[in-house]
Structures are given as C-alpha cells and as structure tokens.
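Pasting in a structure now, in structure tokens, and then I'll have a few things to ask.
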Amino acid sequence: MEKLIALLIAAPLLGAAVLLLGGRRLDRVGHWIGTLLSTASFVFGLVLFTDLLGRNAEHRTLIQHLWTWIPVEGFQADVTFRLDQLSMTFVLLITGVGSLIHLYSVGYMEHDERRRRFFGYLNLFLAAMLLLVLADNYLLLYVGWEGVGLASYLLIGFWQHKPSAATAAKKAFLVNRVGDMGLSIAIMLMFTTFGSFAFGPVFGHVDGASQGKLTAIGLMLLLAACGKSAQVPLQSWLGDAMEGPTPVSALIHAATMVTAGVYLIVRSAAVFDAAPDAQLAVTVVGAVTLLFGAIVGCAKDDIKKALAGSTMSQIGYMVLAAGLGPIGYVFAIMHLVTHGFFKAGLFLGAGSVMHGMNDEVDMRRYGGLRKYMPVTFVTFGLGYLAIIGFPGLSGFFSKDKIIEAAFAKGGTEGWILGGAALVGAAITAFYMTRVMLMTFFGEERWKNQATRSPEAPSAEPAAEHRGETAEPHPHESPKVMTIPMIVLAVGSVFGGGFFSIGDRFLYWLEPVTGHSEGHSPVSAGEVTAATMVCLVIGVAVAWAQYGRKPVPAVAPRGSLLTRAARRDLLQDDFNHVVLVRGGEHLTRSLVYLDHTLVDGVVNGTAAGFGGLSGRLRRLQNGFARSYAVSMFGGAALLVAATLLMRAV
Amino acid sequence: MNPVNYLYLAGLLFTIGATGVLIRRNAIVVFMCVELMLNACNLAFVTFSRLHGNLDGQVIAFFTMVVAAAEVVVGLAIIVSLFRARHSASVDDASLMKL
Amino acid sequence: MSAQLAAYTTSTGEAFQFWVLGTVAVIGALCTVLMRKAVHSALSLAGTMIVLAVFYLANGAYFLGIVQIVVYTGAIMMLFLFVVMLVGVTAADSLKETIKGQRWLALLCGVGFGVLLLAGIANASLKDFTGTGQANANGNVEGLAALIFTKYVFAFEITGALLITAAVGAMVLTHRERTERARTQRELAEQRVREGTYVPPLPAPGVYARHNAVDVAGLLPDGTPSELTVSKTLRERGQIRDVSTEAINDLRALEQRSKERLERAPIAPETFKRPEEASK
Amino acid sequence: MSFPLLTATAALPAVGAVATAAVPAARRTAAKWLALLVSLGTLALAITVLVRFDPGGARYQLTESHSWIRDFGVRYELGVDGIGVALIALTAVLIPFIVLAGWHDADPLETGSRRWRPTQGFFALILAVEAMVLISFEATDVFLFYIFFEAMLIPMYFLIGGFGDRAHAQGEQAAATQRSYAAVKFLLYNLVGGLIMLAAVIGLYVVAGNFSLQQIAEARAAGSLHMATSTGRWLFLGFFFAFAVKAPLWPLHTWLPNAMQESTAPVAVLITAVVDKVGTFAMLRFCLGLFPEASKWATPVILVLALISIVYGALLAVGQRDIKRLVAYASISHFGFIIMGIFAMTSQGQSGATLYMVNHGISTAALMLVAGFLISRRGSRLIADYGGVQKVAPVLAGTFLIGGLATLSLPGLAPFVSEFLVLVGTFTRHPVIGIIATFGIVLAALYTLVLYQRTMTGPVRPEVSAMPDLRVRELLVVAPLIALLIFLGVYPKPVTDIVNPAVRHTMSDVQKKDPKPEVEAAK
C-alpha cells in the first residue's frame, strides 16, 4: 500500500512534464489531461484514505523510502514519504479541491491560447504541494515548499505580458524567499542540534535539546510560515498575487498553498510544544494578522483583494490556533479544511461573477447580480454564511472552537487573544456582508456604462483579447464552472458539522498532533453567544452602510483608516521606502564603488607605473654622451664596490 | 722613487681621457680621448710588467696598440662617412637612439 | 741610461725625469681635452704619447717605446691629422655644453672615478718590485717575440686577422660608390639658374693691384668687402684679412696728394671769345 | 605499465587543437566538426576515467610518474582523486557544448568589417584550454600543475581579446578596444597571481626538496618535513593568492566581469565554468593538502572574504544593466559559496563545495549560453533592450528561466544540493557566517527574477517581435544541460559517492573533525 504514496505525486508531476514539454500538439486536449491526472491523484488519495481507516489509530503512519538523496559524511537526506493522518487530510484537501478547480479552469480559461501551459503549471503545483505535505524530512519538505513557491510564481505571472502581473509574481517569490531563508536556517539549526532533520529523529530528541536552540528553531519555522501563509510582517505579497487567474487564487492563494505555514507549525508541534516562547510569538502573529487581514478586507473594492484580505485573516485564525499548542492544533487543521472549502468556493464564485461581467473586479460596478447568476449567488451565499460562522455551517464549528481555545489559553494572554479573535469575527462578518451586498444586491451599477474603468484596470486581460468595453451582459457561467462551485458549497455547508459530530476529526488527528482540553475561563456556551453577538453586529453595521443606502460607484475618500487599509495599511509603502529604495541606492553605490574603488586601485597602480616609466623615459635622450656618462658612473660605482669589498 | 707613481700617472691620464670623452662633442676629439685612455692603460701594463718582472704586460700592451690601431682605422672611417652623410662631426647630431 | 740600470733601480734621474715629463704628459692630456681646435688637441695628444714612449723606455719596454713612437705618434696621430683636414677644420667647435648638466655630471664622475682609482692603487700595497732585469736578459725584443710566437700566438694571429678586417672595413666604409652619372657643366649651370643662386663666376679676390692675396676679400663698389671672393676653406677657418677701410683711406690720401702736386686751382668759369673779335 | 589514460585524456584535445589549427582556412566547417569530434572523444576518455576510478580505492588513482627535470626533482606525476575526477568529467562534458554553442561565433564577419576572425583558431584555442585544464586537474606534481595553471592564460587571452560579440552598441572599434582592455586585465591579474605563486612554489621546493604531493604528504606524515610555521603561512599565502585571483574572490574579482562581458558567451562559460574551477580545485588540493596548519590559521579571514564575495557579488548583480555582467557577478557570488565551503573545514562544506563546482559549471553554462543565444539574436547585451521575449520565443524564455532558477538554486535543481551543503557545513562551525550567507539566496532570487522579468515578460518590444525561437543546434546545447541539472538535483548520489572519500582524505589532511550535534554531544 505504501507504493501508492509515490503515485500521488507522480501523477500530477507526469501531467506537468507532459503538458509543458508536449508542445502545441497537446493544446486541444491538454486541459483534460491535467484534470484527469489530478483526479487520478485524488483517487489514489481516497484509496489510501480507506486503507488508513481500515487500520487502527497507532498504525496509521505509512512510510515509503524511495532513494537516498544527499549522502554526505554525517549528513543524510533521503527521499522518503510519510503518510499519516495529518498529511492524509492535506492530500485529500489538495487533490480534491485541486481537481475541482482544474475542472473549473477548463471553462474559465477557455479563451486563453496558453491554457495547456496553465494546466501544466497547476499540475506542477499539485505535485509540489503533495511533496510538501508528504515529505518525511524537512529538507524534502523544503523542496516542496519552494516548489509551490515556483508554481505560484508561474501562475501569478501567468499573464506575463502585463507588467503588473510579472511584478506581482516576482514580489510573491521574493517575499516567500525571505520565509524560505527562515526554513533553511531552521533546518541548519536542526542539523547542528539533532544531527538530522528527519521528522522522526528531530521530534524524538526534542527533550535532549537546549531551550534556546528550540526557540530559535521555532522562530525560524514561524518566519517560514509567515512567508508562505502571508502572515504579518510578510503578508504584503498576497494582495498582489490576485493578479493571477482566479482559479489560481482559489486553489493556491486560498485553499492550499497559503495554508502550508499552518501545516509546518502543526507538523512541528513537538518542537513548538517544547518552546513556549516560540509558541507565544506564533499566537501573536496569528492574532495580529487576523485583525490586519480583516481590516484590509473591509476597505478593498476589488472583490478578489477583499477575499484575499479575508484569507489572510482566516489563516491568522489558524496560526493563532496552531500557536495555542495541543489545545488548538486540531482546530487549526479543521478550520484549514473548512476554509479550504468555503474560501475556494467564494473565489470560484468571484471568478464566475467576473466571468459574467467582462472580468470587471470593482465591486462598486456590480450590484443586483443575484437575478442574473442564480447558481453563483447561491453557492457564494452559502460560502458567505460559512465564513462568517453562521450556526450550523462549517465555519461556525471550526472558528468557534478556535475562539474557545484562545480563551482557554488562560491568563491575560487568553483574554487578549480571545478578544482579538472575537473582534476578528465581527469584522469578518462586516466585510463579507459588504462583499455580498455590493455584489449581489442593491441597484445594478454596471448599467449604462462601459465596465472598463481606467483607474481600476481589470485583472483578467482575456477581456482585452475579446476587446469588450461595452456594457456587460451578466450571465450564468457554464456547467463546467458551476459544478465545482456547487460541490464546494456543499462541502462548506456540511463539512464542519460532519467533522464535529462526535469529534471524529479530533480523534482522527489526535495521534499525530496530540490534544489536550484547556479549561477555559469562559464556558463554550458563552463563547458561542459572544461570537453570535459579534456576528450580528458586523452584519448589522454592514447592512446599515451598504444595504440601506445605495453604494457610490466611485469610492468615497473615506476615513484615514480606510485609506490606509486600501493601501494594505501602508505596509507596501513601508517596504517600498525602506527596502526597495534603500536597496536601489545600496546597489547603485556599490556598483559605483566597485568601479572606482576596487577597480580604481588596480587601474591606479597601472597608471602609476605608466607615469613612472614615462619619467624614466626622459633619461633616454638618445645622446651617446649621456649614455656614456651613465656607463662611466656605473664603472665608478663598480670600482667603489670592489674597494669596499676589499676593505671589509 | 717607486714605479707605482707610473700607475698613478696612468690613472690620472685615464680619468682625464674619460672625462674628455664625456664633454667633447667633436667626434675626432672624442676619439683622441679614447686613444689617451688606451695609452694610459698601456702605461699601466708596462709598469706592471716591470713590477712583476715578466714581459706579459708588455705583450698585452703590444696587443692593445694593435687593436687600437685597428680601432682607429675603423673609427675614423666611420667618422668620415658620418661626416659625409651629415656635414658635421658632432657626436650629438647622431642622437637617433631616442625613439 | 743602460738597460741594467733602468731595470733594477729607480734612480733619482728617473725620478726627476718622471716628475718633469709626467707633468708634461698631464698638461698634454688636459690640452687634448680642452683645446678648442681639433688640430691643437691632436698635437698635444701626440706630445703626451711621446712622453709615454719615453716612460716605456724607462720601464724597460724598449720595443714598445719605439713602437709607441713609430706606430702611434708616427702613424695613428698622423692619420688623425689627415682626418681632421679631410673633415675640414671647422672654426673651433664651441665648448659650450648643449646637454643639460652633462658637463657637471661628467666632471663629477671623472673626479670620483679618478679618486677611487688612485685610492685603489694606493690601497694595493706594491712597495717592492722585481725589475725586468732577467726578463730582458737576452734582449727585450727577443723576450717579447718568444712570448708572442709561443704563448700568445693565437692572440697574435687573431689580431692580425683583425687588422686585415679593419683595413678592409675602413675601405668599405669610406669608399663611395658613384650611384648616379656625374652631372655635366650644362646641367650644373642650369641647376644654378634654376635655384637662383649666384649665377655669374665668382669675383676675384684682392683689391686693385695692391692686395692681390687670396685671403683678402674684394671690395664691392661701396667699399664693403665681399665674402664671396675668398675661398670657402679660408672663410671657414676665419682667415680673411679685411683690408677695406685701410684701402679706402689709402685712396683718399692718394687723391689728396695728387691734387697738391698738380697745384690745380679750382677752374673759374670765364666767357669764351672768338679770336677775330679779340683782334679788333 | 598500464595504458596512460590520464595522459591520453589531456593529450587528445591538445593534439586536436593542433590538428584543428592546421585545417586550411577554406575548410572552416571541417575544422568545427573536427573540434567537436575531438571534444567528444575527450568526453569518452573522461568517462572511462570515471568508470575506472574506484571510490573505495587509494587516494590517487590511475597514477603515472616519470622523471622530468631530475635536478629539481620535478616529476611528470599524474593522478586523480574523487574531486579531480568530478571536475575532469565536468570539463569534458562542458567543452562539446561550448564548441557547439560557439559554432558560428568565430565565423568571419559580414563584409565591411575589418576584423579578421580565424575560425580554426577559435576552436583550436578552446581545445588547448581544455587540455591544459584537464592536465592541471590531473597533476599531482606542484611544478607540473603550476606550468599548466599559467600556460592556460595564453589561449584564454586570445580567446577573450580576439573574439567578441558580433554586434556592439558603440561600433566595431570601441568593441575592439574594450575587448583588448578586458583581455589585458585578465592576463595581468592572473599573471601577478601566478608569479606570486611561482615564488611560493620555489619556496616549497626549498623547504620540501621536491614537488610531489604524495612525497610531501608522506614526509609530513613521517614527520620528516621540517616547515617552520611562519614559512608554511607565507607559502600558503603565495599559493592562495594565485587561486583567489583565478577563482575570483573579493576584492580580486574585477577582471571577471570585464572578461565575461567582452568575450562571447561560450568563452565566458569557458572562463567561469571551467578555467576558474582550477582555482577552487587547487585551493582544495594544494592549499589544504600542503599547508593544513596555515589553512586553519587563515580560515577566519578567508571565510569573511568569501562572505563578502557572496553578498557583494549578489548585490552588484542586482545593479547591473548588462546581462553578461550580471551573470559574471552572480558567478562571483557563487564562487564565494564554493570558497566558503572549502574553508568551512567540515565534510559537508567540502563535499558541497566540490559538488558546487560541478553544479555551478553546469548551471552557469546553461544560463550563459541561453543568454548568448538571446544576445546574438538582438545584438545587444543591455537588459533594457529586451522585453516580452517570452511571448515570441517561449522555449528560449523557458530554458532561460530554468537556468535562472538553477542560479538561484531552486530545490530540485542541482545547485540547491551543493549550496545547502555548503551552508550547513559552514553553519555547523560558524553559525553567524552561515546565517549571513543565507541572505545570499534571497539576493540571488532578486537578481535572477529581475533579469527574467525585464527581459522576458511585459509587453513585447518591437525590436524583439521578430525574434526566432531556439534552433535545433541551440536546443541540442541547452536540453542536455538542463536534463543534467535536474538529474543531479534529484539524484546527486553518483557525484557525492565519488567525492566523499576524497573529502575524507582532505579532512584528515587538515586534521579536522566535524562538530558533533548538540544532542549527541549532550550524551
């Protein structure tokens, strides 16, 4: 049965290879090949899953050793896969949602002549992501880690002829690289501490390691997580990443890749449990990000960017939960999965809306679309209810548990974190309602105007090919797009409930992550009540602002906070001023110095010798007599020398 | 008196000749100065042969004379042709060694 | 003095001779270097060489002494003089130095070298000496010959070869192959006209019948002397006698005297009458 | 006396060079084919060396030894250890691609240009360089090594100065002057280094009495080698300086950008991927092998210099406007990694460094050659003159991207393995330096992606709109390199197996043990 694990990765990898090397002759069938192979991988996943279910909890870890990767004196890296409950969960999420989104993309990318390559990249991403979650040691995980980074780079910059897209892709990769730096340093630390970086040995010897080392490792892992999961302070790339095609945003920047950071933290539970300081840092990052993302989400008029903000904030929840230790791990993963469903669904919905609206992304030019695209409306709405944590839907279960766990952390930390989580919930309710209202309700602001608005250029250049700048004719998307949305909607409705009934998700994951019931100062009921209150407040405020009075088609200037939030709370400006400008000046001055100083010293020496010889040349005036003088003088010196020799 | 004085004289003459070579511009005079130096050497040789009491020094002096004769012949020939080429016998005019 | 004497002792006579002639030699050398005219240098050099010849003799090198006089002073120096004449005794080449600092450097080196040399000789302790007595026992010439034709025979032969080569070389160097046909009178004349140089034959030197010497420049009508009239060589040697002023003065004096002797009054203007008018 | 395989390996290209040069001027193509065949033959020989080499066997294998200059104890001694084998293989693999890539680089220019480009000479010189590089990888006699280490400069000088890029912004004349400047600079730098090394070589002879690595090693082992500490250090510095110039180490690096910028892409690859490796290789074999004590003494300074090279090179690469120059500075940064790995004095570091030499050779070759194809199409080296190439020439762009990703050492491609090994090896002994060096990977990503973005993405510039995609010959050059990159990235075991024993020997030379992990240390 272990043999199958490799196939999980092999299938999409094969797909990527075939599609990318296949050339134009595959253009007609390429997308179906990609979809097929990802589905195949999903099927393998299901087979393995049933197999795991067949075993009892202790024996649910499958190890497949393929070959020795880097054998060097004292340094052993293997290509080994580890399939346990945690990675199983991810495998199913990735391949499942992945396949759905493949299907969706078939319709969505229909008009793009580079569709084959798009699917190649998608398969490449699946392979890398699976490698990431299946790796049995951190170095192999690192391969997957950067692999998904590459895939996201390629996919964000898929429309490379758009400078904005290319820049966004580069930015994403660079910011991720900073995170990767953290990961590689963490691996080095592990190597120096444990002499290995395979999961088994590392987690086995944690108690033997010094506190300081463990904390350092934890913080470095956190840095990596921040990079990949767009947590403060490395969150700035996610917003721009929306330059990519919407399916990409759904799959990579909502459902799977961005959650890799959470996976990393949960996977390294043993390390974090032994390093409370690192854990605290994790929780802080999580809390800050969930508020940060939420606030940003409130101000964006670009529907995808708003959703990106919410993604950020939801992952903030997960990280927060993961930072809480055994109390939270399970719920972090649970929220991750449910979030995977509804956020993917929301993005696909957004994509469908844009599809119908000539790729318009500015919500201020939407409105009243529910009549025109009912399926999208329903699925999107369900996803909306799920994310704001409407009782009974999946978001409710996972998020509620996280807030509970936050309070259960105890002490002032508990209160602060819990409070943050609650506020987050309120804001979530607000901005999601806002999106909902601006998109599907209110009067139809897209009427009587060309949707191509100069100040908000569309993300999808496909329209430019079609050259449509006329008034849009909203229409429902084709089946191939709606079916995945429906499936995801179902998942986002029932997922949470399904997992929570009898805590089966808890029992499923417990052997890997471990679990402990924190005793919370506030009872579960109270937390739920509080959450509900926040939810209602959020929705109410949103309704008051966007439901009752009409939405202005051009964004009002807004308060200081709003404007800051529109600019991602000035984080980009900070980066630009400090890093970009500073970097530019640094490099420029260095280039100058290299030319003048380092090179100048050498050239200066050369010039000096040149001048010296020029002077000496004067002596050679060509007059035989002056040469004779020098000869004579030399003779005199010789005589003197001989005499001196004789003397001494 | 000690014959070493001859050596002193020889040294003196040699030096005078050398200095002459350096300061005179007329090729012929330069040549004469060279001859002077040669003669000084000869004197030294002869004196040495006397000091050591064998004739080798004289033989050498003899050869010196022969060589000097040959040298003068060629040298003067050169001067003449040089003078023909450029109507002067000044050493400095032939300052073509400068690139 | 006899060979034996010269060989063994250095008599007071020799000492005296040395000091006197040594001085002469040094003075001669200095003159060689310092004389403005090549001829003078050559002559003073010859003097020095003769002195040296005497010193050779005094040192018991009779053969060399003679050779010195015959070959050097006799042949080589004469050769020098010939060349000097051939090259043309240009008016003494100025001793003014053209290369900057050359002279001072030269003097510095010279003095330094000389001092060192003498110091070296003084340093070498050569108090006692063995004369050329038994070396010259059976004749200096025979002694030399014995050496030259036995020990130094190769050197001797090679030197001979050298001499031959030198002779040939000198000939090759000085021999001038006439490359182009000698130009005829006509061509020369035409060229002169073309170049616009002095076309008519050069005027003769000398002034009237008084100074017909070649070294006297002829006078132009205004009484100034004309260089052209004197031969180039004399001109270059600067051996022109300028007699113009004196000639003019003589002329004036002559007229004066002739006037006095003829006692001529100035001719008064008188009216001229016909004779028949006068008879009436 | 078995068949002198090593001599043959080095001799074949030498003979080939002469033969190629002898081809009459009219038969240009024949010369090219001859050169290609010779290089392939050399590759075959190199593979036999690889096969005959037994990792478990003696340190130096396939040895040959003949007396050469008896009076000075100079011997013609050849022998290869794992490191040598790996680099011989690298050289032999790269040269055919270089020849193939430079197929048209030395064709006579279109009429109107006064420059005469002797095609035969171009390929003959390349083969000559290969021969010298090979023999300096094989030589176990210091003097023999020195001779070819220096002789290498002559053909390189002519390759750099004689054959530049076809088109040039400021016209033919300016190009010629810049080329000769670069060539002279290259020559002077390396010559100075070499002369200093010569002094050290002589000093070594004075101390040791012979030039043979093995004899000196035995003497040291037997304790019969009397080398004063200070003497050893001076000699070490003499050697190291030459190698530091060759494998450009800050601040002796400035010749490399000029040389690579002015020479054609294949020659640039020859410089950075093959010739410069001799420097790093020699550090490993001679500096550490002959002067272990001095090496340990100099380690801190050298590590810092290497660190500066890494960061500095990367930063300058970011600031470049010229594609080739950018690659050159990237190489400087990578050489910093290699040197750091060598002097980290850990087996991971040194294995990594050796692996890095191989991988860097391949990755730079891939990137530089593709860049060369790009430049030959547009006739400009300036990044600003490109844009949107991806749209018109997707394959070219793709290969370029892969080369770039290899340069930023993306996991799954060969350079990652070596770079990570170097980092780990350094980190275990010098954590701070290791961490700072890790910043290099971010900068690497920066300059690579900026280069890719500016040249390949964005709206299509009119000048490149008609740009043809890679031709078959060019694909033949690039595809195998990329395949090699991926293979060695996924399965570097073949190389590491060969390298590890050699590294073990080196480690024992310097009498260093890898630091124990904390957990085991605790026990």
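Think of it as A, B, C and D in the order they're written, each chain with its own count starting at 1.
The criterion applied here is as follows: a contact is a pair of C-beta atoms (placed from the backbone, for glycine too) under 8 Å apart; a residue touches a chain by one contact, two chains touch by 3 or more.
The model shown is predicted, which means the values in this text are computed figures rather than measured ones.
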Fewest touching-chain hops separating chain A from chain B: 1
Chains in simultaneous contact with chain B and chain C: A
Centroid comparison with chain B (C-alpha atoms), farthest chain: A
Of A-D and A-C, whichever chain pair has more C-beta contact pairs: A-D
Centroid spacing, where centroids are CA-atom means, of chain B and chain D in whole angstrom: 65
Length of the line joining the C-alpha centres of chain A and chain D, rounded to whole Å: 37
Centre-of-Cα separation between chain C and chain A, whole angstrom: 108
Mean-CA-position distance for chain D and chain C (Å): 77
Of all residues in chain B, the ones touching two or more other chains: 18, 22-23, 25, 92
Touching two or more other chains - residues of chain A: 621, 623, 625, 629, 632
Chain C, residues touching no fewer than two other chains: 99, 102, 105-106, 109-110, 113, 117
Pairs of chains satisfying the touch condition: A-B, A-C, A-D, B-C
Contacting residues of chain A [partner chain C, same complex]: 621, 623, 625-626, 629, 632-633, 635-636, 639-640, 642-643, 646-647
Parts of chain C lying in touch with chain B, wherever the complex brings them together: 7, 10, 12, 14-15, 18, 22, 25-26, 29-30, 32-33, 38, 41-42, 45, 48-49, 52, 55-56, 59-61, 63-64, 67-68, 71-72, 75-76, 79-80, 83-84, 86-87, 90, 93, 95, 97-99, 102-103, 105-107, 109-111, 113-114, 117-118, 121, 126-127, 129-136, 140, 143-144, 147-148, 151-152, 155-156, 159, 162-163, 165-167, 169-171, 173-174, 176
Complex contact set, residues of chain B against chain A: 18, 21-23, 25, 91-92, 94-99
Touching residues on chain A, where the partner in the complex is chain B: 620-625, 627-629, 632
Of all residues in chain D, those that touch chain A in their complex: 185, 188-189, 250-251, 253-254, 312, 315-316, 318-320, 347-348, 351-352, 388, 390-391, 398, 405, 410-412, 416-417, 420-421, 423-424, 427-428, 431, 434-435, 438-439, 441-442, 445-446, 449-450, 453, 456-460, 490-493, 496-497, 500, 503-504, 507, 514-520, 522-523
